[in-house]
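As structure tokens, here come the structures.
Consider the two complexes below, in which chain A is the common component and chain B and chain C are the respective partners.
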Partner chain A sequence: MLVTLSLPSSTSHEITLPLSTMPASVSPAASTIRPSTDTLIRLASSDHGVQLKALRDVKNQIIGNRTKKLVYIKLGAVPAVASVLADALDGSGHSSTDLLVQSAAALGSFACGVDAGVRAVLDSGALPCLIQLLSNHDEKVIGSAARSLKLLYQSKLAPKYDLSENGSVELLHSLLNSENENANGLAASIIAHSCKASAEQKAFCLNGILAKLIDLLGGSISQRDASLESLASIMKSNHEVASQFVKYERGQALNLLVNLTNERSTRTRLLACACLITLRNVSSTYLRGRGTETKLVRYLVELLEEPGQVGEEASFALSSFIEDDEHLQKLAFDANAIDVLCNHLQKDPLQPKRLEGILIALARMCSRLEFCRAKFLQMQAFNSVSEALHHDCADVRGAACICMRNVTRSVQNLSAGFFMNENIVIPLLELLHDPNPFIQLEALCAISNIVVNFRTSNSSFIRWGGLKQLVQLSVSMDPAIRSNSLCAIRNLTFEADNKCKAEVFKELTASSLASLVSDPDPSVQEQALAIVRNLTGGSLESIQYAFAEGGIILDAVQRQLECASTVESGIQGIFVLSNVASGRDAHKDAVMDRLLHNMGSGSNPPYLLRFMQSNDSRLRTASLWLVVNLASPSCMGASRRIAKLRKAGVVSQLKIMVKDPCLDVKVCRAGAWHFFPLKPSFEPIADYSPGNFFLSAASSDDHTGSVPDLRRQLKIELFMCIALRIFPVLLHSCPSGCPIPFGLKTRNSILLLSTSITDPFATSS
Partner chain B sequence: MSKKVITRDEWEKKLNDVKIRKEDMNKLVMNFLVTEGYVEAAEKFRIESGTEPDIDLTTITERMAVKKAVQCGNVVDAIEKVNDLNPEILDTNPLLFFHLQQQRLIELIRNGKVEEALEFAQDELAPRGEENQSFLEELERTVALLAFEDVSNCPVGELLDMSQRHKTASEVNAAILTSQSHEKDPKLTSLLKMLIWAQNQLDKKAAYPRINDLSSAKLEDPSV
Partner chain C sequence: MPVRVVETSAPSQVSGGDSGSTCPQPCTLLSVGQAFSGTQNVSNKHIDEAWRVNVRIQGCDLDHGYLCGTMEALNVPMADTPVITFWEGEIVDTKNYTFFTGKWEATPEDDIKQWSKFPSFSPLQSQVEADGGKSLNLSNYPYIFMRWKELYFVNVGTDCGLTIAGFYYVCFSCSDGSINGFYYDPNSSPFQKLELKSTNEGRPGFSFSSYELQ
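Now for the complex of A and B:
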């Protein structure tokens, strides 16, 4: 379409054209004129008539036509128009007025919704000229300039309005007070655009501007809408301004705002809702006691059905409203939000912005409430979400990822293996390479959820190359990606079968795992340690992973524990040792040696004791499990280890922990205590059938207090240990691979044992 | 659940008991004339009934010029006039702009200018479809006109009807009204919609003389 012409060396020849508007029926079909440099030549003409015609041609071609705007911008039309404007400012008379009106209108259109246009207009220096036009004597000129400036200020790229500049406050006031609705609209646009920081909001609030805006709420439709937009902007996250508004005329302003949510115009309704949401976000007290929250949710769900911009913005408004608030999410659920959103989701084709809005709204709905997720999956719209993962628009892909991430939190469906299918996993794996880092992270989090699998195996995931990708990402430069990819691997190895563990270990390698355990970033350390824990737990064979390549992993774990930076690392690390110590004699001794290595040195208390004294009950519990496993009489070297532990001060610590407030800790302590008889002559029994064991524990008289009370105390503690074994849900607090060292495997044995205990808790056995 | 039956006589008696003020009726008529843009009729009605219009009649003139241009098939002229009136309207109403472009294509086809129509479709309409995917279906229908020799008899022939012009003209009219902060629908429309809704609600509970034809407002006896 571009026609290159060699510019004539002389000035363009004069053409006299009638200056009045074109006659009605004969039209030179302005819209069929192709953009060309010819237009630019005409714009630069010295003949006002030629210029005017050229301006009108450009204007009529570009209005509504994004494609043509871009073509003209590339041609350099914007500076040409801006210079016509600048020249006409100096002139006077009828023709100047026409030129001003038309050039202002053209510039406004270039800036309407087209970023490149906004930039071009700003770069051409037209902004101050347009502002100057606001004080022109001709209403048409003012109107044209105001409109164009309003469109300019609706763009993020526009500069902020500087109130400290000379005359700018007066200008704003005059715009607000003007009867010209375009001027009011411009003022509102300026305010909405320039109020981001709270200092700016406050500045705009002074000088009666807030009062004037509230005044406009009672004006015409466009004044109302403009005012609503600026009010939302000015009150956002600002307690001072918000409370000023709420108190204005004893709540009249607030009442007016609430009433506007019932207006006929859908745009007004939406803006009013958005304004109320802003208020609520500042403080939930503002809307209390009016049932406003329920109404707001309902209105927004209704507005979702509107076509065009209103419907699009409604979904974003709803999303921001219900974000992080379960109560509101429930209200939205009751208002059938999920049905409405899913129905729209399945309509084809959807504008990217609308699709993004719907996905984000669904994501927020499903963020916490299981019944929302269940409803969503029931609606059979889930395919649309996986399809959206492939969308061209990055925002849509991102929204789809967030949605995916939240829906995959559904434990019910995870355990049914619903999400482990190629339509979901493979696109997510592809998104791990998305150019947008935010999308990479969200996809990673979604995958992290999906690999938590209770029934089906993760072999498909590994087959699709998922493990390889995760391992690659574990050495990423970005710590968030590193930590999250390890979290995914951690979830992958949770209660995994031996085959899966072997693959993970092979891919990850011992040296990599050891270095990740020693990573400077604490969250990376934690995840790495958790992976080691998962790998080493569950069975005897799994313990070998800790000793791979000469025990570098175990060494790394040891080093981490010595300088344990966070509680979480400490917990995971201790559980690693605990898992190893649940093995054979050699394993237990290996752990023991490492502990001793730490215990012998320096004035710092050994980390085991420190952990047993920790404020965090989980860490105390974990340490006790380790003690239990080390002292367990299931292996020959038990007495040796018990003596060492006693020497290290573990027994004294155990005594102190009798008074521990936490139940988990009490139970574990009880388990541990049984291995530490105070009378050195009392030998623990190697073969401990339930009955024998109980007898031996019962006859220890090392505590203060009378023996019968003691026996009862012991019985209760023992029963609690057994109870822990019977109820699997309680086992969740037990580390994998850390069996209760009573040798009680079957329910029958437990029952047998419990009959010999006269227990205050037991009903008839 | 048996429905209550209301006879013609009962119904008419109830209707007679309802009082409507003449001033209210006049306002409704004026509102209709002004919203639809019948300036001369509105002016005359004002003189004869003494009812004041709620819009300044002078602002209606420009709007009517646009509407007339569309109804005569001069779409380019209409677009230029709208842009003179308020350049924002078409810039912020992609659907309206698309419909106007669509109408332009229809007019070119109606006048037998096939080559120009093809060029126009390619240069002006195709980009609209690219910019906004929801227009594609309608775009296809319109372009289909080009495929048929006998356009008046083809499946999409109704696009050539005057009704299509009226539809587009109404759309422009509504957009201009909205931009001038006026209600885009006459109140009369809402009242009639209310009537239909109320009858539907009552249908569930009673059999009564219904208005089935809005234009004649004739009461039709209930089928007992």
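Now for the complex of A and C:
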């Protein structure tokens, strides 16, 4: 974005003295000179002295000043400077050399960190001229051109270095061979910029660059450093090139690289470590068996203590090394990385880049291992992370959010309510409105973890406005924000008390929840279903949420199950039905009706049977719990539900599942199986004597009057014992009310159970 | 019958039951949110009492052999209110943890002696004595063995007169959701047995909730 300034009128601020009469000794300071078209006039002057001065003025003004750069770019200064450069190339003599140095430097400064500047330099045609300067006899000219080209090649807008162009390979070789450290640095920049794709990396290898770089590992410090940087670029994520390096001269290159991690120069050590990390990221086998991983971690932890850029970059290198790798995180833990990082974190003040690096490294350390999180919290540096949430620099805020997110995965500390603290939660809630979407998302993820509370009330979170904000975000245009805000609400409702659930439901509303269950985004559906699951779990009266507003939520769940796009949605949806079916008779019947409606629709296999046949054991298990809850003899209508389930083919499916490889499925299946009597027809009987199992021919329409079969009686008794053993809770944890005998009778057999009968929609007593 | 299982059947085509893993498989009744209730019996020549105990699972990470939750002891004589502690569990999966404790003043001999109190341990005993059970395949064994260590009191001070210096050897039955445990503390003499059953807290069926850490 260009900054437009209202420039003062040229007559009031511009320098009007004839330039030819102005002695250099009384020339005004560059900072007081305003950008103006006069500068362009001076740049176009035929007087080399005037040009030189104009160049110096421009250069001195724009260095480190983005605003001035943009103003000059808009004025057209870049083509003017490029023109000076081109003309000076044809010239000779001392003045030409100065012009070359200053014009090259000015162009580099325009390109430094400003996309518009890079475009302007490229559009002016100055690039070939700058490259031509690399062959100049004057070291100052070479140095100036190399520095400027390095800045240019750091921009993604710079063209890729074309190795097929005449002389380009030779030029690169000469830059690498040069004793001029700027030339070496330029070579590294060119290679880093031009080696993004695998084909590009390979092209550099084929042109002898790989061998040259390996050779220069034994060169001067700047050659070595440039080579290390370049090697990391060429090998990054490239198996073929990495393999070539590792096999080069039977491992000599790798040995040399490992040795460089011991160099005196901290920068060399860091670059060598970075190069080894690149190799390891391609394949962990490259460093295996050498103890190199342990040493690498140790070196990086030591380098964390270095001042300046080395220390900064060491934290990023460590982060990228240990990311997602528990073994390496453990090595870093053993090397006291957390202690070192925390000690630095508590130093004040820290440069933003260093602070960002430390926070990211701590975040990676705490990503998977509980003992790392415990250690970090013990170091009492957590306050520094909370403070960093307020930092001016967006990168620091983002890093603080990632750190928060990972540390708040500690279940032990979530259970202790450690994070439910206004110094942590309120800044995170504020970051939900950060201008940077990445920060919003990371803050949301951290909040999502913190609201998982097992014992402490969430009333504080609600009082701080957290619930309202989450609900607002649940209708965001961004599906990731929608999904993560719903995940936070899901976690808020996990094992929540009735008051919290009521607040959530009131804020979210039944219609919104039903709509979210039907969201086009699968992850949003999943989280919305999980919220309904959690709302309907716990106390018996919670089941009412599924039936709110005429059952629109349950209808939405049903529709979602009929077309479940993902296994995860299916699991959550089935558990919703299962939770509802764990209630009273009317709840179970409501679920049964929906299942039957689906089974009667005819177009697709019923989802219950489909899920029981799923490749995913979690879905099979969830389906079986639904069957268990529906068939449970704890309520009056069990017999008719069992009949309906049998007719729907559930029993046949249960038979098939006897050989399921998953233990959880087998156990649940066995439990469900025992609720289905041997014979289809049955009816309740009124009399029950615990422990008194009889085959009875009385009071049954199916009675045949045959002699009771003792073996069958014993088999039934055994089944009953097993069923009672497996699910005794279903018999003993009925809603309050007088136990009333209830029985199921099949032909020639009686299974006697007791339960209580209550009004299905009565409030709990 | 020994239960050192050698996989003779072809690996299954269906998921969830990683056919290559020898670790215990997930069990719904031992997942987050699940509640158990029962008693802890404290018995020696001086005292003989039973406390009612409720346990709730709060965290479960099978990859790391980790479990955690709270334990609530009711009608504790020395306490005016129920006493709640937070505990962490080590799941014996032969990968993260073996049958040998290696800490908390429990020797291998102590371990064998305590595990032997569980009938479900006897088929495994010889292998455990040989190599700590490292070569056992527990993936299809219908019992999950754990150690539970209480870390802190949630609602009372450490001067409540109770100790959490020891730990529990625990056996969970996948088939019926029951939990049995024996408290071990070399400095504490009473025999303490924990017996819990899965509870659905008054519902005529099983309900399950879940959370997802980001």
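To be clear about the criterion, the second predicted complex is superposed on the first by the 536 of 765 C-alpha atoms of A that agree within 3 Å, B and C clash if a C-alpha of one lies under 4 Å from a C-alpha of the other, contacts with A are read in each partner's own complex, and residues count from 1 in each chain.
The definition used in the following text is that contacts are C-beta pairs under 8 Å (C-beta built on N, C-alpha and C of every residue); 3 or more make two chains touch, one makes a residue touch a chain.
These numbers were taken from a predicted model, which means no experiment stands behind them.
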Contact breadth on chain A, by residue count: chain C or chain B: C
Partner chain(s) touched by A:238 [first = chain B, second = chain C, both, neither]: neither
First (chain B), second (chain C), both or neither touched by A:329: neither
Touched partner set for A:386, first chain B, second chain C, both or neither: neither
First (chain B), second (chain C), both or neither touched by A:525: neither
Which superposed partner A:445 touches (first chain B, second chain C, both, neither): second
Touched partner set for A:483, first chain B, second chain C, both or neither: neither
Chain B versus chain C as contact partner of A:469, first or second or both or neither: neither
Chain B contact footprint on chain A (complex, rising order): 21-22, 24-25, 27, 29-32, 34, 56, 59-60, 63-68, 105, 108-109, 112-113, 144, 147, 151, 181, 220-223, 264, 308, 349-351
Partner chain C, residues of chain A touching it in the complex: 370, 405, 408-409, 411-412, 415-416, 445-446, 448-449, 452, 454-455, 484, 487, 490-491, 493-495, 530, 533-534, 536-540, 572, 575, 578-579, 581-584, 588, 615-618, 620-621, 625, 628-629, 632, 634-635, 660-665, 667-668, 670, 725-730, 733-735, 755
Chain C to chain A touching residues, read off their complex: 12-17, 19, 25-28, 32-33, 56, 58-59, 64, 66, 68, 70, 84, 86, 88, 139-140, 142, 151-152, 154, 174-176, 197-214
Of all residues in chain B, those that touch chain A in their complex: 65, 69, 74, 76-77, 79-80, 83-84, 86-88, 90-95, 97, 104, 116, 119-120, 123-124, 127, 130-134, 136, 178-179, 181-183
